[in-house]
Every structure is written in structure tokens, then in C-alpha cells.
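Structures incoming, each one as C-alpha cells.
Consider the two complexes below, in which subunit A is the common component and subunit B and subunit C are the respective partners.
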Partner chain A sequence: MNALIATSVLGLFAMISEIIGLKKWIWLISTIGIAGILGLTVYEAIAMNGTQEVFYGMIKQNNFSSVFSGLLLSITLLWFLLAKDHYREGNHANPSDQSALIIFATVGGLILTSYTNLTMLFLGIEIVSIPMFILAGSDKKNILSNESSLKYFIMGAFASGIMLFGIALLYGATGSFDLEGISNGLMMVSQNPSMFFLVLIGITFLMMGLAFKVSAAPFHFWVPDVYEGAPTVITAFMSTFVKTAAFVAFFKLFVFGFYSFGMYWIQFFKTEPVWSMQLLFLSAITILVGNIVAVSQTNLKRTLAYSGIAQAGYILLTILLPSPETLTALFIYTASYSISTLVAFTALYHVQKAKNDYSFDAFRGLGKSNPGLAVVLTLAMLSLGGIPPTLGFFAKFYLFKSILAFNGSLIWIILLAILGSLISLYYYFKVIISMFGGDETSTKVEINLSDRIILYAVASLIIILGLIPSILLELGAMII
Partner chain B sequence: MNSFLPELSNVYFNYLLLSSVLFCIGVVGVIIRKNIIIIFMSIELMLNAVNLLLVNFSNMHNDPNGQVFVFFIMVVAAAEVTVGLAILVMVYRNTGSVNIDTLKNLKG
Partner chain C sequence: MIAALLILFPLVTGLICFALPGKRASRLALESSILTFLVSLYAFYAFINGQNELLEVSYPWIPSIGINFHVGIDGISLLLVFLTAFLTPLILLSSQSKAYSQSSNFNALVILMQAALIGVFTAKDAFVFYVFWELALIPIYFISLIWGGENRKPVTFKFFIYTTVGSLLMLASILILYSLTPTGSFEIAAFYALPLPPIYQYIIFTGFFLAFAIKMPIFPLHTWQPDTYVTAPTEGTMLLSGIMLKMGIYGVIRWILPLTPIPVVEWGWIIILLAVIGIVYASIIALKQPNFKRMVAYVSIAHVGLMAAGLFAGNEVALQGVVIQMLAHGINVVGMFYIVDLITRRTGTDVMDQLGGLRNQAPLLATFFLIILMANIALPLTNGFIGEYLLIIGLFQHDVWMAAVAALTIIFGAAYMLNGYQKIMLGAKKELYNHVTDVTTKELLVLVPITIMIIGMGVYPKFFLDISAGPVKEIVNALHQGYSMK
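Moving on to the complex of A and B:
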């Protein structure tokens, strides 16, 4: 709760810092501020006993929210560290506005980890989305950025509308916005057939709205365009922070809201609940579409967008089969995906800035001219592809293991996911081959020393956490 | 075994139908219209259909929570459309048009 207030205050401070003449220091202020809030979250998590309710029980802090708040704040912190170059003078006109919007989006993310009421779910989603609409268009003179922003806005508002309709129908059926109240109300509904169709349509609409936000197919069509048009640093934030926050919200809703009704459904109708099948379908089609379409892309930014879609398909499996182990898997997988993607986008940012080109051709000969940057990007790609000894391998392994441990009859979806990973190796290796293969040399990409050190340090996390996964495992085990 | 939940009686059901129809008009508007301002209006129509539905259910359950939620939606919708119009002005400055078909530069 204090972390939430502190983040809001930091955001407001970042907003007025331009007026009081702190524009030059805004990067430092935001980074230290977010690091302090991360420390505060850790301290609160250790000091807290049990759960703490605030806002009349609409937000509840427990281990779940603490661990995921920590994850989201870490992502924001890593983003600020890696985006240092973006904040240098001359690279961006409004650094303080940008900082403020990123921090406000972080507030939304913190709400999404701790909500217990659908009002807060809606507010959290909007607080994350609205700053992102603006940030996607922050390159005002660039028509691609404008287009990206407008598309994101229309699709985001549309998805919110659908989600709200789902919330309204669910409220009509159960008479409550509270997750616990919904869970109890759904049990009553099963004895009241006139409400039953409201529940089914409501849950489906909620799922559609959230699937938009996590960019699951068939609601993914906006993702590549928006990711490509937005400034690269913003794309990095969108594809990591926003996706992680939306997944946490998705998981929380389906586990704490609908899980007991699903159990009841299985006993009563002797079949899987409808939304389980829908989720299975979403996940299967997301894995296939994301991986197959990514193969035909010619630039890295779009490839990473499709890779993000494909990874969303794997993460959706944890929502389908909620158990303590898959919850840990959700944590580890989102952490691994976020770190790798942030590193990949930062490398892309530096190359794009130097060569004004983000197609695969721009990476040709990078292994000779910038071996350090090339190795970092290779590490990120290997981690996204799930090659040992990187973190991505462990995350994928643990995810598939936890799902099979829960339900062995779903082996086919695991096989499909492994097939998807095999396809994904093709396009991840395409980047690596274009960097190291061939004899051409390219012009050297100049990167500031401090940026280089930060980038190497974050990239080394991929290896360190991959070799010592027990750090993440222990954190993940704390959630339950 | 009868529950404490109210039945979906005729009046409430009619409101449900009305707001569903409004919502569908909004969805169709977003999908088929080309003018960005009309698309914004359609999004507002979707949100207002939800508001109507919430008020209806709030009445049905005798529970004020639904009506409070409506205020949240109104506030957020206002903020959202402000941002949307700002984006639209930015687009208009660069392209001189509010037609969604002028924005076709991102493809893959």
C-alpha cells in the first residue's frame, strides 16, 4: 500500500520536475525512486504478517501481490537503467513527461497485482493502458508513431469496452464485484438457470478483453503494428511490463474468481468448464500463429513482437491449470521473458540509433564490429528460444514440467508448445547468423561506456539466473 | 433449492436486450466506420451501454455498488477520450485527415 502511494508521489514529482528545473536529473531521480520503492516493497513484504486490506477491501496485500509487485518494479527499474541513453540530452524532448507516464503505468501494474475487486481490475488496466497510448505516440513528428498510437488507442479502448460488458454481465449474475463474492455467487448461479447464460457470456467477454491486453491470438492483430511504430524503448516497456501486469491480473481473476466454480462444474456436468476449453484453444492458436508468422518477418522489431505473442501462448497455459507450481512457473517465466526481451530491445535500440534501420540487414557483421553487443543480443535470443544454460531454458522447462505434473492428459498441448519452440529457434537464430555469419564488416555502433556496463550487467543476469535458478524458485515458492 | 439471487424478470431482461443492442451498434461502428471521430463516438456508445446495464443490474440486486461503478467508468471514459482526441489532433497535424485509411504505413 505504501509502495502504491510512494509510486504515485514519485510520478507526480517527475511530472512537475520540469517546472522546478530538475529536467536534467530526471533519469537519476526516477531510477533511485523506483529502486527505493522496490526496497520498500521488500521491506513491507518481510514485515507484513498475513494479509492487509486497504480501500475497503478492494485491494488486498499478501504474498502474491508482494512478489509480483517486486517483479513489476524490478522490470521498471531495469527499463530505466537500460533506457539511460534515451534520456540523454538531445535524444528526447520531454524526458520528465515520459518518466512520469512510465511511473504512472507502474502504479497501474501495482494495482493489478493486488486487486480483489473488479473495479480495481478495470482501473488498473486503464491506468496501465492510458499512459501507454500516449507513450506509443511520443515521437510526435513521426507518422509511424502516430499510427501506432492511434491503433493502440482504438484497440485498447475497444478491448476495455468488451471487458466492461463482461464485468457488467457477471455483476448481473452474481450481484458482486468482489472476487470472493463472485466466487460465492457463481455457486448460487448454478442453481438458477436463468442467470447461467449471463455467466458464460460474461466470463467469455472478460477473457476476450484480457486476451487483447496480453496479446493472445486471435486478438493479436494490433500487436506487430503498435510495437513497430512506437519508439523502441517504449516498445520494450510495452512488451514486458504491460504484458506481465496483464498476465498477473488474468491469473488472479481466473484463479480466485472462477476456480471453485470450475471445480463444481466438473463435478456437476462431468466435463471441463467452457472457459477452460476456450483458454486451451486461445493458447494453442497463440503458440501456432505467433511462431509461424514470426518466421516470415524481415525486421527484428516485428519478429520480437510475434515472439512476444508466441510466449504469451505458453504463459496462458498457467492460467488454464492453476496450481502452486504453475503459479511459480508464471513468476519465473514472466521474469525470464521480461529480462530477455528488455535486453534484446536495448540492443536493437542501439543498433537502430546508429544505423537508422532495424531490419536483419542492419545486424550483418555486428559480430566483428561490436562483439560485446552481438554476444549480449545472442544471449537474449538464446534465452527467448529456451537454449540451456540461459534462464529461458529453465523457465520453459519448469513451465512444461509443472503443467504435466498437474494434468498428464494435456501432453498434446505440451508437444505443441515444444514444436512451437522449435519453430521459434529458426527466427531467433536468423538474427544470430546474420550477426556472426559472413565476412562483411559493418560500421561500429558507438555506445556510451556506462550504458555498455549496464547492458552487460543485465545480460549477465540471464546466465547467472539460468545457472542458479534456485533464487527465482525460492521467490516463486514464497507466493503461495 | 431456491437461491437468494433475483430472477431475471421481464423489465430487467428488456434493459439487458436494449443495452446489448446498443453495445452491438457500438462494436459494429468501431469496425465499419472510417472516420476516426465516429469511431470514438462508437467506443463511447459501447461504454454507455455498459453503464445502462450496470444501473439496471444494480436496481435488480438492490445494491449500490453497480451505480458507483458507473461513475468510475464515466471518469475513465472521459480521461480516455481526452487522450484519444489529443492523439487524433497529432495525427491530423501530420496527415491532414481524420480518415483511418490514411494510416496504412505499418504492414508486415
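Moving on to the complex of A and C:
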């Protein structure tokens, strides 16, 4: 709770800091602030016993929210660290606005980890999204950035509307906004068939809205254009923080809201509930579409956008099959995906800045001119592709393992996911081949020493956590 | 303890090599590989004296899901670890006479590859096995990609995709096995203890077999191999053909035979048939190759075909033949590729028709070539003979006709090998190659150990056969017991 307030205050402070003449220090203030709030969250999590309710029980703090808040704050922190160059003089006109918006989005993410009420869910989603609409267009003179912002806003508003409609229908059927109330209300509904359609449409609409936010197919059409048009640092934030936050909210809603109704459904109708089928379909189609379309991309930024879609397909499986193990898998997978993607986007940012080009050709000969940067990007790609000994491998391994442990008959979706990751190697390796395969040399990409050290340190996390995944496993086991 | 040392020591020195300047990196790499070789000799000593506690270690790695860093050396592992440790210094020595760009990275990758290979051969935990299996792929991929020849991008990528398809299917099999263990363990011993229903055996067999068959490779999954062998730098080809393909054969011995006896017995004939087709097919193509290096690549498919057939013959003799042939083939094929490299470096070509009469300029080279060639043809008193002889006897006990066709490999071998020798070494002296020098002292350092092993193993194979006899017997017994329980 305190973290939520502290983050909001930090956001407000960042907003006015330009007026009081702290423009130069804004990066440092934000980074230290977020690091402090992360420390506060950890401290609170250790000191806290049981759960704590605030806002009349609309927000509940427990282990679930603490661990995922920690994850989201860590992503923001890593983002600030890696985006240091973006905040240097002359690289960006409005650093304090950017910081404030990123921090406000973090507030939204924190709400999404701890909500127990659909009002708060909606509020959280909006607080995350609105800064993103603005930030996507923050490269004001670039037409692509403008397009990105507008597209994101229109589609996002539409998705929010559908989600709100879903919330209203559910309220109509169960008479409650509260997750627990909905869970109980749904049991009543099963005695009243006339409400049944209301519930099913409500759940479907909520799923559509959230699927849009996590960029699952077939609600993914905005992703490539928005990701490509937005400034690269912002894309990095969008594809890691926003996606993780949306997934946490998604998981929470379906597990704490609808799980017991689903169990009842299975007993009563002897079939899987409708939304399970829908989720399975979403996941399968997302894996296929994301991976297959990514193959034909010619630049790294769009490839990473489609890679993000494909990865969302794997993560969706955890929502389909909720168990303590898959919850841990969700935590590890989002952490792994976020770290690898942040590193990849940062490498892309530096190359793009030096060469004003982010197609695969821009990476030619990078293995010779910038071996360090090339190795870092290779690590990120190997991790996204799930090759040992990187963290991405363990995340994928653990995800598949937890799904198989849950339900052995779902081996076909595992095989589909494996097929997907196989296809993904093709496009992840495109950039590796570009960097190391050619005889040509490229002009050296100049990176500031401190930026380089930060980038190497974050990239080394991919290997360290890959070799000692027990750290993440212990944290993940604490969630429930 | 020794097993962990054999993995971790090269792993650490490999990483250090990245940071050192070229000259010092290659010295460190060489020293490290020689030290590893000495440790592997000590492993022999410990094995013969029955100090098993020295050979096996298990540390908890990811305890919450039952993963231990469990490595150990038994008879079969020992021979393969020895092969890896014996060949790595030779491969490094062979690279040192060439001027590779970024040579510290090259040396580092070779040493890392060694660590991963020893890891594969000693792993007693499925997760550890899988990690090392994939880890072995990364260095060799980059070695081929960065220092390879013409057209390397598509060729190495094809290789990578092929092997990864196999790996991922293997991962699926491992996960199924894991989900069947009562306490959730990745220990290979726990997998052995499982009563696997036949349907699971078929699924698991398919996953594992495809992974191993691609690595070996067995016809018709071999299409990545000739191109990759030709494109990779010679040292990469040595690693691939000398050691890496043994990963596939070792995998069959360690995983498929004891775990899934029913499909092994029921489907074994299909695989033997494919392997025999591979032998004949590759031999015929080898006969027609104008390039010597490409020819050796196809010869390798033929030899591996014989080993693959022996794997599924299901008797002790054939399996002993496989194990001893793995060792022999590794040494011989590395010798062969080294000779190819020496000739290519001296004359600038490996097209056999353009060469000729080199014996006049380089008599010593011709002698070594002949010895290594004889080992490849499986002449008695060379190491190649022991393995092929046992393999064909074992196959004969299993199926007379298949053995008869497979034995063609010896005749074919003589045909293409001697043909190659004749074209390159014999014939009239060519003035064009007058500048060709004979073998230098540094090159002798590679050729002499190989020759010693060829003749030593050929004359006294009992030493190596005794080492693998115990575990081979166990595996064959497990296979028959498993099948009879059906």
C-alpha cells in the first residue's frame, strides 16, 4: 500500500521537477526513487503477516501482490537503468514528462497486482494504458510515432470499452464487483439459467479486453505498428512492463474470479467450461500466428513485436491451467521474458541510434566491431529462443513441466508450443547470423561506458539466473 | 569428483580464454586440454582400481523440482570421455598452425565445447544431460558460422535447426518421463526404475530416437551433414565427426536401449534397414565425390550407419563393437580430416583429380596417410578392424542378410579410400606441387599420437573392451528383460 502511495508521489514529483529546475537530475531521481520503493516493497513483504486490505477491501495486499509488485518495480528499475542514454541531454526534449508517465504507469501496474475489485481492475488497466498512449507518440516529429499513438489509443479505447461492458454484464448477473463476490455469485447463477448467457458473454468480453492488452491473437493487430512506431525505449517498456502487468491481472481475474465456477461447471456439465476452450484457442492461435508471421519480418523491432505476441501465447497457458506450479511458471516466465526483451531492445536502441536503421542489415559485422554488444544481443536472443543455459530455457522448461504435471492429456499443446519455439529460432537467429556470419565490418557503435556496464550487468542476469534458477523458484513458491 | 572436475575445469578455462589475447589464449587452451587429458587418464586408473566414489558426484542444483548436478563415469562414459580428452589437444594443435582471426574466441569455444561434450557423456540426470546436449551445440554453431567456408550462413543454420528439432523432441520425452516418476525426479536411475506402459514407450522412443538419429546421422536424416562438414573449418569438422556424432550413439545406449525395450525390439529392424540403406547409399555417393573432404564426410555416414545398425542388433557383441568403434572411428576420422587439411593447406585444393604424385614431395605424409587410411578401411591390426569385426559378427547373429549387406561397407571402404589415395599420393610427380613440404615437427605432434592409438588399439583391444564389458552387459540384459516383461 505504501509502495502505491510512494510511487504516486514520486510520479507527481517527477512531473513538477522540471519547473523547479531539476531537469538534469530527473533520471537519477527516478531511478533512486524506484529502487527505494522496491526496497520498501520487499521490506513490507517481509514485515507483513497475512493479508492487508485497503480502500474498503478493493485492494488487498498479500504474497501474490508483493511478489508481482516486486517484479513490476524491478522491471521499471531495469528499464530506467537501461534507458539512461535516452535521458542524456539532447536525446530527448521532455525527460521529466517521460519519467512521470512511466512512473504513473508503474502505479497502474501495482494496482493490477493487488486489486480485488473489478473497478480497480479497470482503473489499473487505464492507468497503465493512458501514459502508454501518450508515450507512444512522444517522438512528436516522427509520423510513425504519431500513427502509433493514435492507433494504440483508438484500439485501446475500444478494448477498454468492451472490457467495461463485460464488467457490467458480470455485475448484472452476480450483483458484485468484488472477485470473491463474483465467485460466490456465479454459484448462484448456476441455479438461474436465464443469467447464464449474461455471464458467458461477460466473461468473454473481459477476456477479449485483457487479450488485447496482453497482445494475444486475434487481438494483436495493433502490436507491430504500435511497437514499431513508438520510440524504442518506450516499446521496451510496453512490451515488458505492460504485458507483465496485464498478465498478472488476467491470471488473478480468471483464477480468483472464475475458477470455482469452472470446477462446478466440470462437475455439472461434464465438459470443460467454455472460457477454458476459448483460452486454449487463444493460446494456440497466438503461438502459431506470432511465430509464423515473425518469420517474414525484415527488421528487428517488428520481429521483437511478433516475438512478444508468440511469447504471450505460451504465458496464456498458465491462466488456462491454474495451479501453484503454473503460477510460479507465470512469475518466472514473465521475469525471464522481460529481462531478455529489455536487453534486446536496449541493444537495438544503441544500434538504431548510431546507424539510424533497425533492419537486420544494420547488424551486419557487429560481431567484429562491437563484440560486447553482439554477445549481449545474442544472449538475449538465445534466452528468448529458449536455449540453455540461459534463463529463457529454464522458464520454458518449467512452464512446460508445470503444464504437463497439471494435465498430461495436454501434451498436444506442449508439442505445439515446442513447434512454435522451433519456428522462433529461425527469426531469433536471423540477427545472430547477421552479426557473426558476414565478412564485412561495420562502423563501431559508440556506447557510453556507464551504459555499457549497466547493459552487461543486466545481460549477465540472463546467464546467472539461468544457472541458479532456484532464486526465482523460491520467490515464485512464496506467492501462494 | 573426477567427472565434475573434467567438466568444470575446461568450462572455467574456456571462459578465461575469451578475455585473453590470442597467443596466450591458445597456450592456455592447449595446456588446459592436456591437463584434462591427464585427468582422464587418472580416471582410467581410478576405474580399474574400482574407486567409484571418486568417479561420481551429485550436488543438489535446483532441489525444489528434483534436479541434481549428478555426473558419473562408468565404462562406456569413460571411453568417450577419454576420446574427448584425447582429441581436444590434437584439434587445438591443428588449429595453431593456422592464422584464425579472433583466435582467443576460437580456442575458448573449442574448450567450452569440450566441457559440454564431457558433460553429455557423464550426465546421470536428465536435466543435466539436456543442458549439456544443447550447450554443446552453441560453440560448434559459432565455430562454423564465424570461421566456416563459403555459403556458411545457410549451411550452419540448417545444421542448427535440424539438431534443435531433435533436441526439443527429446525435451518433450524427458518431460513425459519426469511427469511419470512418482516423486518427481530427473535422475536417470529413477527413469530406469519406472514401469513404462508400452504406449509411453513408443512416444518416448520416438522423441529420443529422432534427436539421436539426427545427431548421428541416420539416413534419411543426414542431409545436414555433408554440407556442414565441408563448410565448417577443419577443427569444427573434427569436433563434429570425431566427437559430436558419438553423442547420438551414446544417447541411444544410455537412454533408448534400457528405457524403451519394446519399440527397440519391435522397430529395430526398420532402423537397421535404414542404417544399411544409409551405408550403401553413402558409400556409392562417396565413390563419386571429386572432393576429398566431401568424400570423407560421406564415408563418415557409412561408418555411422554400421554403428547404428549394431545398436539395434540387441546383442552384447554388437554393442561392444559399437562402443569400441565409437572410440576408433573418432580417432580415425579426425586423423583423416587432418590429412585432408594438411593436403589442402599445402596445395590449395582437395579436388582429387587435380592432385597426384604427392608421395614424391612428401613421403612422410604419404606414410601417415596410408596408416590412417588402413584404419579407416578396417585392416586387421588397426583399431578400425576390431570394431567393424565385432559389429558384423553381432549383426550376423541378429540377421544374416542385413549383416551381409552391411559388410559391403568394408569392400566399399577399400574402393573409395584406395581410389582417393591413388589419385592424391601415387602417380607421376607433378611439377606444380614441387613447393609442397613434408610433415613438420608440429604436425607430427598430432599425427604420432593418432598413429599410436590406431596401432595400439588394434593390437591390444582387450584393455578397452574390458572397460566397457560390464555396463554393456547390463544394458543388453535390461533390454531383454524389459522386452520379456511385455
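FYI, the second predicted complex is superposed on the first by the 480 of 480 C-alpha atoms of A that agree within 3 Å, B and C clash if a C-alpha of one lies under 4 Å from a C-alpha of the other, contacts with A are read in each partner's own complex, and residues count from 1 in each chain.
FYI, contacts are C-beta pairs under 8 Å (C-beta built on N, C-alpha and C of every residue); 3 or more make two chains touch, one makes a residue touch a chain.
Nothing here was measured: the structure is a model prediction, and the numbers come from that model.
Colleague: Figure out whether A:Gly437 sits in contact with subunit B (first) or subunit C (second), or with both, or with neither.
Modeller: In the superposition, A:Gly437 touches subunit C alone.
Colleague: According to the stated criteria, A:Ala405 is in contact with first (subunit B), second (subunit C), both, or neither; which is it?
Modeller: Only subunit C is touched by A:Ala405; subunit B is not.
Colleague: Which partner does A:Trp79 contact after superposing on A: first (subunit B), second (subunit C), both, neither?
Modeller: So A:Trp79 meets neither subunit B nor subunit C here.
Colleague: For A:Tyr314 in the superposed arrangement: first (subunit B), second (subunit C), both or neither?
Modeller: Neither partner.
Colleague: Kindly classify A:Ser149 by the partners it touches after superposition: subunit B alone (first), subunit C alone (second), both, or neither?
Modeller: In the superposition, A:Ser149 touches subunit B alone.
Colleague: Contact-wise, after the overlay, does A:Phe68 reach subunit B, subunit C, both or neither (first, second, both, neither)?
Modeller: Neither subunit B nor subunit C is touched by A:Phe68.
Colleague: Contact-wise, after the overlay, does A:Trp275 reach subunit B, subunit C, both or neither (first, second, both, neither)?
Modeller: A:Trp275 contacts neither subunit B nor subunit C.
Colleague: Just subunit B (first), just subunit C (second), both, or neither: which does A:Ile387 touch?
Modeller: The answer is second: A:Ile387 touches subunit C but not subunit B.
Colleague: Please indicate which partner A:Tyr426 is in contact with in the superposed arrangement: first for subunit B, second for subunit C, both, or neither.
Modeller: second
Colleague: Residues of subunit B touching subunit A in their complex?
Modeller: Those residues of subunit B that touch subunit A are 1-5, 7-8, 16, 23, 26-27, 30, 36, 39, 43, 46-47, 49-50, 53-54, 56-57, 60-61, 63, 65-66, 68-69, 72-73, 76, 79-80, 83-84, 86-88, 90-91, 94-95, 103, 105-108.
Colleague: For a test of understanding, state which residues of subunit A touch subunit C in their complex under the given definition.
Modeller: Listed in rising order, the residues of subunit A that touch subunit C are 367-368, 382, 387-389, 393, 397-398, 400-401, 404-405, 408, 411, 414-415, 418, 421-422, 425-426, 429, 433, 436-438, 469-470, 473-474, 477.
Colleague: Considering the complex alone, what residue numbers of subunit A touch subunit B?
Modeller: Residues of subunit A touching subunit B: 119, 122-123, 126, 130, 133-134, 137, 140-141, 143-144, 146-151, 153-154, 157-158, 160-162, 164-165, 167-169, 171-177, 185, 188-189, 191-192, 194-195, 198, 224-225, 228-229, 297-299, 302.
Colleague: Can you tell me which positions in subunit C touch subunit A when the two form their complex?
Modeller: Per the touch definition, subunit C meets subunit A at residues 61-65, 102, 127, 130-131, 134-135, 137-138, 142, 145-146, 152-153, 156-157, 160-161, 164-165, 168-169, 171-172, 175-176, 178-179, 184.
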